[in-house]
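As structure tokens, here come the structures.
Here come two complexes built around chain A, the first alongside chain B, the second alongside chain C.
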Partner chain A sequence: MDLSFVLSLLVFSPLLGIIVLAFMPKTEEKTIKIVGFLATLPALVIAIGLYLHYLAGKALSDFSVAKDWITFGGLQGAEAGFWKVNYELGVSGFSMLLVLLTAVVATLAAIASIYIKKEWKGYFMLFLLLEIGMLGVFTAENLVLFFLFFEITLIPTFFLIGKWGYFEKEKAAYSFLIYNGLGSAVLLIVIMILFAKTGTTNIEMLTQMMNDPNVPLSGDLKLGLLIALLIAFGVKLPIFPLHSWMLRVHVQAPPSIVMIHSGILLKIGAYGLIRFGMGIFPEQFETLAVLLAILGVINLLYGAFLAFIQTDFKMVLAYSSISHMGIVLIGLAAMNEAGVQGAIFQVVSHGLISALLFFLVGAFYERTDTSLMENLGGMAKGMPIASGFLLAGALASLGLPGMSGFVSEFMAFLGLFEEMPWIAAVGCIGIIMTAVYLLRAVLGITYGQSHRDFTGVLDLKGVEFVPVVVLMALIILIGVIPSVLSSPLQATLETIMLGLGG
Partner chain B sequence: MMENAWIIPLFPLLSFLILLLFGKRLKDASAYVGILLTLASLVYSLLVLFERFTEPTFKTSTEWLRIGDISLTAGFEVNQLNALMLVIVSLVSFLVHTYSKGYMHGDERFPVFYAYLGLFTFAMLGLVISPNLLQTYIFWELVGVGSFLLIGFYFYKEEAKAAAKKAFIMTRIGDVGLLIGMILLFWETKSFEYSEIFEAVEAGAVSTTMITLTAILIFIGAVGKSGQFPLHTWLPDAMEGPTPVSALIHAATMVAAGVYLVAALFPLFAASETALLTIAIIGAFTAIFAASIGLVQTDIKRVLAYSTVSQLGYMMLALGSAGYVAGVFHLMTHAFFKALLFLAAGSVIHAVHTQNIEEMGGLWKKLKLTAPLFLIGTLAISGVPLFSGFFSKDEILIAAWEGGHPVLFLLALAAAFMTAFYMFRLFFMVFTGEARTPMKNVHESPSMMTFPMIVLGVLAIIAGYVQTPLNHNLGDWLVDGNEALGHSHIEGPIWIMIAATVVSLAGIYLAYMIYYKRSIARNWLSGSGDTLHTILTNKYYIDEFYQMSVVAITKGISYFLRFIDVFLVEGIMKGVAGIVQGLGAAGSKLQTGQTQTYVTVAFVGMALLAVIFVLTGGYL
Partner chain C sequence: MSLEDLTSFNWGIMTPEFIIVGVAALITVLDLFMPKKQDRRILGWIGIAAIFAAMVSLAGLLGAAPESILDDTFRLDSFGKAFKFLLLAGGALVLFLAVSYKADEGLEEYRGEFYYLFLTGLLGGMIMTSSGDLITLFIGLELLSISSYILAGIRKNNLQSNESAMKYVINGSIATAITLFGMSYVYGLTGSTNLLSIARTLQALADAQHAYLLGLAFLMIFVGLAFKLAAAPFHMWAPDVYQGAPTPVTAFLSVVSKTAGFVIVARIMISIFGVAASEGPGSMPILYNMQDYIAVIAGATMIIGNVVALKQSNIKRMFAYSSIAHAGYILVAFTSLSSNFFYTVWFYLLAYLFMNLGALAVIQIVEAKTGSTKIADFAGLYRRSPVLAVAMGILLVALAGFPGTAGFIGKLNIFIGAFMVQEPHYVLASVMIATTVVSYFYYFGIMTQMFFRPAADDSKFTKIPVGIVVVLIVTVAASLLFGIFPDIAIDFVNENFNHFSDFLQ
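Let's turn to the complex of A and B:
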């Protein structure tokens, strides 16, 4: 059976929802929310289908699709597939997991959109457009297409933050746009140089060509391109000191969008670094390994120490994200199987955990109108279930074994200890600090005495259970049976290791 | 039986899950779920232990996680130590489950309490059958969470919140040591499996420096968990948890996990003189250090807590002096008599609703069962001959002496004196004399609470007879010809036993004279308000020292980084925004709206293009 239509269907399935929404009256709040939610389901079903297809032992390349799209005519080598930009989608084990993560988080974020108070129609149309962008980013097989989808994620996010966020939403939206815009400008330059020099933007071809001595790219140029990529994706991840925009976004964007932003959009940075940075420029990546390890440890510690003194729980989680992305860098810098696998695990794991935590922040905010810790306290009395999940989420985040965070953190450190034990040892301070700041924040909210009167505040109810239960179940599943992630990754890992020459 | 031993931890896990989901509906029946399921664990553990007496070690594992060529496994192992630990843990857990039915009666979150107990028991049982370091670490962290949740059970109390947080963080500091040690050891031996690590060490594949380094790092984990100096401060604070929890977690099982870890990795430690010496010194120092604080505490649970820290120090001293059997033996007897003491203390608290021993007195007449049981525990821990503690403590003292540590031996002997003194001080103040505050309605606890105490009371007396100077049954079985574990019994001069008895009786006599006879003033040694007394009541100001050093430094770094975040990083941000704005402004200046300008620019551009076209020969 020809399955090459599947990925296109996957990526563009939210379009159906956009079209339906376009014809709906904008006052029908309930129906719009239901349609918006339903529109995320086809992608989820297909993404699960991809995973089942893999489990059934069939090749993921069955889904690859390549169609002629843009040809730069009359140039030498055109017949051999050069000077063409095709419409190419495909998935590997790694990108399949990210597609699945995207589909899951998008559906759950659609449920979390119950907290959206106005203009639901516009909200969901942008939301679904954002989903198209994200799914496209992870399935694109050439850089131009990747870039296109990458840009598609920027615009809806900008509006979703700027319009549906909290008090300083415009400011947050603009700083988001400026930083990410500059990041993508740098990315575009890299893509254009690569295309001009090699005649292709196909990722696989590029990966192969870079090992070919006949390709007219000097080592210095490659290093320059890699550094440019590091900056472009470093904005996204974010890497210190390019992070300040993301703090604002985490505080100001509505909960559902923060779930997506922290859960998926930040991960594009990691995905790019692994797929393009490490994949296309393995040799140069190696020369930057120590730098990356140091940057990773800085991220880890910087985020952790700053999270320790925040007064707003959202800020704690925002700095926590910076800190946890440091672990991705640590794993990548190790450049061995354990490290890279740890980094990829961390990408997925943090996606789930941060989506859970930000959803819960939203649930608390909805009831108490605050996320400042000085106003909260003793919430476990009135909201025992929500508090329980919050604590469990925090434990997952601080790397408690039995949950996904531990497996990723452990592998990343295992990897780095083999290569750079001293840097890794310094990074271990982060493991302690993570426990310190998370317990300070979460116990500050749920334990002790209430600082305000919250009698009559209701616990989680109805559909609110769906995101927390699903996310927690996945977090524990990965923690207990990590092979659900690691086995699809082995092929990807082998390819990367081959590129790294060992 | 042994091949299915993996099921033992799953009973309490099932209890946890059932109570988490249906606890609200089950209400008081939750207790029976917990009790029955831990009873199942206990029965199965006993069967496994009996089988292990005759059968060889059983071990199995399967792949858990693949990382490239590395295969990490999960499984379980029933060796002598593990089989013994299974019984100790499931027995104490079962008794505490039973006891709590009475003690926690009427608590609003009764089912939650039992759920947490189930989680903890699961993790602890999982810990003691782990065949590799990684799995040990996994359960090691999970018992920490169980402990954390139960210390913070009264979550609305600020003290409980602080204590829970402190326990988690202090032990995590140790855990990082364990993690680093474990990872370094992995890269040396390419395995987390105990057996493979020992083989590599034995074959000399690991350098002595590396053995010492990893062993000490792993020991740091044990220091955190077992409340050894300098990471001991969380354990006394952990007394904020309900008393049955203190008996189970902070006396008998989890805090002994550090000792268990050193014992389980004993062949590694034994390969490094330096590592062993470190353990012995830390252990002996902690033993006397904590005992000295115990002399002046007035909270019944805190006295017992410092006593636990001190006794754990004893066990470490034993292991550090190559007394493998002595350490494990004391772990076992201590589990029984200290759990007994805590449960009896709980029974007292249950009766009089205070923990301050200054307010108690004369309870011997009123608590007819609790009082003699508490006395049994006190006699056992004081090392009075024929009680269990006497035999195990004797083994430790002999190990320290024969191990060539006379100074540490003297410290341990002094600690034994203090132990006898402060325990009898506690006993006399609580049970003899007259009540110092009016107490009404004081009556004995229900049978659900006294039954577990009786069981432990019996064990506190007889458990010592498995290893006496006359028979070495425990030692023979534990060591079983495994040279790495040392001798099944260390022969020592008889005077050590006499000395131990003398210091113990002297401690009791002094306590008797001061607190029963009152013929010696309480402040005979140090006038009240004296420096020494102040230092001891303030626990050597260790907490204050940490507050002023570690905590202050952490905060300082955080505020410094905030300064960077606000000025430097935001500065970059403003710079970037400024550039963009500048470009924007420049761009908008081009939009003058004057058609002439536009046309001029267009023509210039076209001309330029034409020139380039000609120069490049039409390439572009």
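Let's turn to the complex of A and C:
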């Protein structure tokens, strides 16, 4: 059976929801929310289908699709297939996991959108557009298409933050736009240089061509391109000192969007570093490994120490995200199988954990109008169930064995200890700090001294249970049976290791 | 020249020009005999019909081999045809704006001129695309310029409009004089005004001293023509003129006049300086030696345009600076002169035509409603008219060069050109991309007003004139279509213009 239509269907399925919404009256709050939620389901079903297809032992390359799209004019070699950018979608084990993560988080974030108070129609249309962009990013098989979807995520996010966010939303939206705009500008330069020098933007072809001595790219130029990539994706990840925009976004954006932002959008940075940085420039990546390890440790420690002194729980989580992204860098810097696998695990695991924690913050904020830890003290009395999940989420985040956070941290550090034991040893302080700041924050909220009366505050109810239960179940599933992630990753890892010469 | 010679020419290749000139004359006469109080709008519609007729006749000429008539002064090659399409499309959309333009103070009596001057200006541009001679190029340039001077000042009792026309005339004349002076050097050295024979003489130029003279001529011509492009250092007129002129005239200047400017730059620069040897026969052409200067101008234009635009509170002024910035982007293509040069410039101008005219259409209707052109007047546009706001949003995203729009593909072409040549222009391309990010600030500033801010006045936009509706549908659709399926454009070019390879034959 020809399955090449599946990925296009997956990526563009939210479009159906956008069209339906466009013809709906904008006052029908409830219907709009239901339609918005339903519109995320086709993508989820297809993504699960991809995973089942994999489990059934069939090749993921069945889904690859390539069609003629853009030709660049008046250039030599146009007939031989060069100077063309095709519409190419495909999935590997790694990108399939991220597609699945995207679809799950998007559906759950659509449920979390019950907290949106105004202009639901515009909100959901942008939300679904954002989903198209995210799904496209992970399935694009060439750099131009990747860039296209990458930028498609930018515009809806700008509006979603700027219109539906909290007090300083416009400032947050602008700093999001400009930082990410700069990052993608650098990325575009890299893409265009590669295209102009090689005549193709297909990722697989580029990976092969980099080993070809006839390709007119000097080692210095490659190193320059890789550093540029590091900056481009470093903004997204974010790598210290390019992180300040991300704090604003996490504090100002509405909870459902922070779930997506922290759960998926930041991961595009990690995906890009692994797929393009490591995939296309393996040799140069090796020369930067020490730098990456140091940057990773800085991220880890900087995030952890600053998270410790925050008073706003959202800020704690924002710094915690920076800290956890440090672990991704640490894993990548190790350049061995355990390290890279740990980095990828961390990408998925943090996506789930941060989505859970930010959803809970949203639920608290909805009831108490605050996210300051001081005001939230003693929450366990008013909302015992939510507080329980919060505690469990925090434990997952600090790496309790049996949950997904543990597996990823363990493997990332295992990898780094093998290569650079001293740097890894310094990094370990970060793990201790993580436990300190998370427990301080979470215990303060759940059992801390209460300054306000929470009687009459309702606990989680109805659909609010769906995101927390689903996310928690996945976190524990990965923690207990890591092979749900590691076996699809095997092929991807082997390819990467082959490129690294290991 | 005897009558026999005259009739022997294949006048058919001038049909589009004849249609425009005939209808311009017809409108002039009709205007003269129409009762004073009668609505002149019908003349605008006649003009639109004429442009469509010219387009159809041009389409009929698509298959024709390159041909020159009138002693090689008028040549119809693929370059001429391709850019004539741009001018005609731009002219038609501008006239749609013009017929929807609300009669402002002091404009009723002049309505007739208002329409046929667009046609004469357009004719000037068309002559430039098809000129094989410095004289006809210059005549085309002057025809376009003089029509534009009057159009800029057509709101006779409006102070800003008068100021704008005055500044335009003075600056324009200086620039023209400089260009003409530069051309006189070329004539002095070669004894001819015909581009092809100039090129032949210059190829054999042996004396290095002459090369210096030519270098001087190059700089003078280029700087003078930079005025038409609104490129630095001759960009200062643009903000004042764009702000003061009626919005359809602003649209005409920023699209038709700019396209014509790039046409004349390409004609002169490439056919003369692209072949003139810099140090004796067989050496590098002067144009390549001058790349650094063009790069400086391109860089300065992009930086000035984008940075100064940040500070504007008047939207037409802001669009003037934005238009300066876009001229800078196209100059990057002129700097790199890669093998896809003609297509790159053509496609960017095509994209810019739609994006900019669409945005100006929205500006025109908001201006008509609120009576001013402050950016703050866009506040709450989404509430007052969601359709207008979304259309403007798409056009702004296209102008900012986001993927999925024609603006992005245009920029991609420029980047590829800059990186694929022998000595890649990394610095210039980086300036271009950095200034593009700067431009997000002001384009999204308008978005902020439209979508985030509350409106001062909640009245809805009722009865949008049909001309504006047409322009908006065409421009929004084209901006997206050429962004998602750019191969439509390239297939058209490849089929009909064969890589513009007949430019120098």
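Structure notes:
What we mean here is this: the second predicted complex is superposed on the first by the 494 of 502 C-alpha atoms of A that agree within 3 Å, B and C clash if a C-alpha of one lies under 4 Å from a C-alpha of the other, contacts with A are read in each partner's own complex, and residues count from 1 in each chain.
Following the convention adopted for this analysis, a residue touches a chain if its C-beta (ideal position, glycine included) is under 8 Å from a C-beta of that chain, and two chains touch if they have at least 3 such contacts.
These figures come from a predicted structure and were not determined experimentally.
Once chain A of one complex is fitted onto chain A of the other, the partner contacts of A:I34 are absent, as it touches neither chain B nor chain C.
In the superposition on chain A, A:I178 makes contact with both chain B and chain C.
When both complexes are overlaid on chain A, the residue A:E170 reaches chain C alone and has no touch with chain B. In the superposition on chain A, A:K197 contacts chain C only, with no contact to chain B. Within the superposed three-chain arrangement, the count of touched residues of chain A is higher for B, of the candidates chain B and chain C.
Shared-chain residue A:A59: touches no atom of chain B or chain C.
Common to the chain B-facing and chain C-facing surfaces of chain A are residues 178, 181-182.
Interface of chain A with chain B (complex): residues 175, 178-179, 181-182, 240-245, 302, 305-306, 308-309, 336-338, 341, 378, 380-381, 395, 400-402, 406-407, 410-411, 413-414, 417-418, 421, 424-425, 428-429, 431-433, 435-436, 439-440, 443, 446-449, 482-483, 486-487, 490, 493-494, 497. Of all the residues in chain C, the ones that touch chain A in their complex are 339-344, 347, 397, 402-404, 408-409, 412-413, 415-416, 418-420, 424, 426, 429-430, 433-434, 436-437, 440-441, 444, 447-448, 451-452, 486-487, 490, 493-494, 499-500. Interface residues of chain A facing chain C in the complex, by the touch rule stated above, are 68-76, 144, 147-148, 151-152, 154-155, 158-159, 162-163, 170, 174, 177-178, 181-182, 185-186, 188-189, 192-193, 195-197.
Across the complex, chain B meets chain A through its residues 63-70, 134, 137-139, 141-142, 145, 152, 155-158, 160-161, 164-165, 168-169, 172-173, 176, 179-180, 183-184, 186-187, 554-555, 557-559, 561-562, 565, 568-570, 572-573, 576-577, 580.
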